[in-house]
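You will see chain A twice below: alongside chain B first, and alongside chain C after that.
For the complex of A and B:
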């Protein structure tokens, strides 16, 4: 093989295809992945709102009242609506991925993926229901 | 003679009378600096795979086309290419499923192209070697003590990851590897797990030095596409996520019980 004199001079001249900035729009699965990554901004934003709410609570009833008023503005409500959609998307895709990270064995058999994802979803629904109950009755 | 009769057998499968256009990626470093696409009109035979169509081009239309293949039965892992943008084994991708065409055939993405459909895989081979994909023992037991025994349950722990044929489809499908060429990558991590999870192996610590790093498992952002394209259902994405979980547990264990670290 190495007797071919033509080969050596061209050997380093490999072609390297550049990766375009918008590589992720070409395929739906990649777009879906970038969308999931983007949801983290909204998750972080929501956490920030909570921290600010705690801060307002610490500053006294008047400050907390002003904060609650701010939360009721149309802008705040629409932002919360958008965040809810993204956080839901984040949670659902996350729970669907849980079986990828978790390999449980019971009685020598692997627990099926659907069961692992299902338990996550059940825990989510249970906690949401408990929270709703505390909020509505409390 | 043997090759001729083999090619003869393939073209004897019933032709449907149809033809399909293959748009094949051509890169001839002595002729061009940028790749071009060359169209070939290929007859459609029932049960032909894309590799058969490429072989038809090579045998009858254009002998200068370069590509890798060997076994034609999904075992050797040589014939991986991008078919209509998807990383596929061309020996397992039926032409009929892609009609009416055209069918675009390109070399695997994320690798340098040597020529036409042939990619350079030294990077992968070096990374594979770096995780020591073999059974490591602290101390080999003498031959007369017999073999290392393993139960079927212990085999089941890693068997899935041992199915990897190094076809590199997962690397072509991984945008992280495309963006960060230093990333160890799906197949190598899955193969490292194959040995880490083997009850006979004691080399997990040595492999950790390579894998529990940013360029090892932590660069993975779980796109999950590696597992989608894997022709052997190895599920490298799962291997990496499980590695992350066990590595995190180990980190906490060392933090809370520093005296127990091995």
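For the complex of A and C:
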């Protein structure tokens, strides 16, 4: 992501080589960057599906039952399977970058990046287990 | 100069949403979108789910998770369009569509959760 998104239509002071639209497909590291950015579509997409499920929940048992049936369709299962890969890619890349966003100091020493990332992954596992437990016992 | 002062605000929503989504979206998607529909887990009783979702803490959590996930998308997708597709000249239009879309989603989430 660029720091300053401000666009100015004219650049009289320097020459900018024209970039092809799909500049990022030629190198894997660039494609991986775009894939990481595209995970946001699946994050928001699932947030919307979840919101629709809550809406159906509020509309009564029949509406909720119909929604659960919809979730059982092969199309829904496939889309959720693909989405799971992308949202997990989001989590992994997010936690791996956490040490760069958060610099912790303990006793005058910088906490190693691996420790910070490790704590994030542990929190992920813990929260996932907690939600699974709530579902199983609720 | 307005744009410069508002960027950190959008970034903070992006960051908060990215963290909440990273922690909670994969397991929520797995449980509701795969495990229960495929019969790996028994679907919890309707009344129980409703009672649980109506708890003030649950409503707050659900609102933050959904709304901030939308703003996370808005910020990230905006820059993907700028950088990935070289659409820098559509700056304002893209920002309005992305943050506007997230705001519409936030209002819908608030409405749904208040009336649950």
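By definition in this document, the second predicted complex is superposed on the first by the 122 of 138 C-alpha atoms of A that agree within 3 Å, B and C clash if a C-alpha of one lies under 4 Å from a C-alpha of the other, contacts with A are read in each partner's own complex, and residues count from 1 in each chain.
In this section, contacts are C-beta pairs under 8 Å (C-beta built on N, C-alpha and C of every residue); 3 or more make two chains touch, one makes a residue touch a chain.
As the structure is a computational prediction, the values presented were derived from the model and not from experiment.
In the superposed pair of complexes, A:37 makes contact with chain B and with chain C alike. Legend: residue contacts after superposition of the two complexes on their common chain; A:124 is shown touching chain C, with no touch to chain B.
Which of chain B and chain C touches more residues of chain A: that partner is C.
Judged by the touch definition given at the top, the superposed model places A:58 against chain C, while chain B stays out of reach. In the superposed model, A:103 lies in contact with chain B only, and not with chain C. By the touch criterion defined above, A:19 lies against chain B and chain C together after alignment on the C-alpha atoms of chain A. Residues 6, 19, 23-24, 37, 101 of chain A touch chain B in one complex and chain C in the other. Interface of chain A with chain C (complex): residues 1-2, 4-7, 9, 19, 21, 23-24, 34, 37-38, 40-41, 43-44, 46-51, 53-55, 57-58, 61, 64-65, 68, 71-72, 76-77, 80-81, 83-84, 87-88, 90-91, 94-95, 101, 123-124, 127-128, 131-132, 134-136, 138. Only residues 27, 29-30, 33-35, 85, 109-110, 112-114, 120, 153, 175, 178-179, 221-225, 227-228, 235, 237-238, 241-242, 244-245 of chain B touch chain A when the two sit together in their complex. Against chain B, in their complex, chain A makes its touches with residues 6, 10-11, 13-17, 19, 23-24, 26-27, 29-30, 33, 37, 97, 99-103, 108.
Across the complex, chain A is touched by residues 3-4, 7, 15, 17-19, 21-34, 36-38, 41, 43-44, 46, 48-50, 52-53, 62, 65-66, 69-70, 72-74, 76-80, 82-86, 88-89, 91, 95, 102, 105, 108-109, 112-113, 115-116 of chain C.
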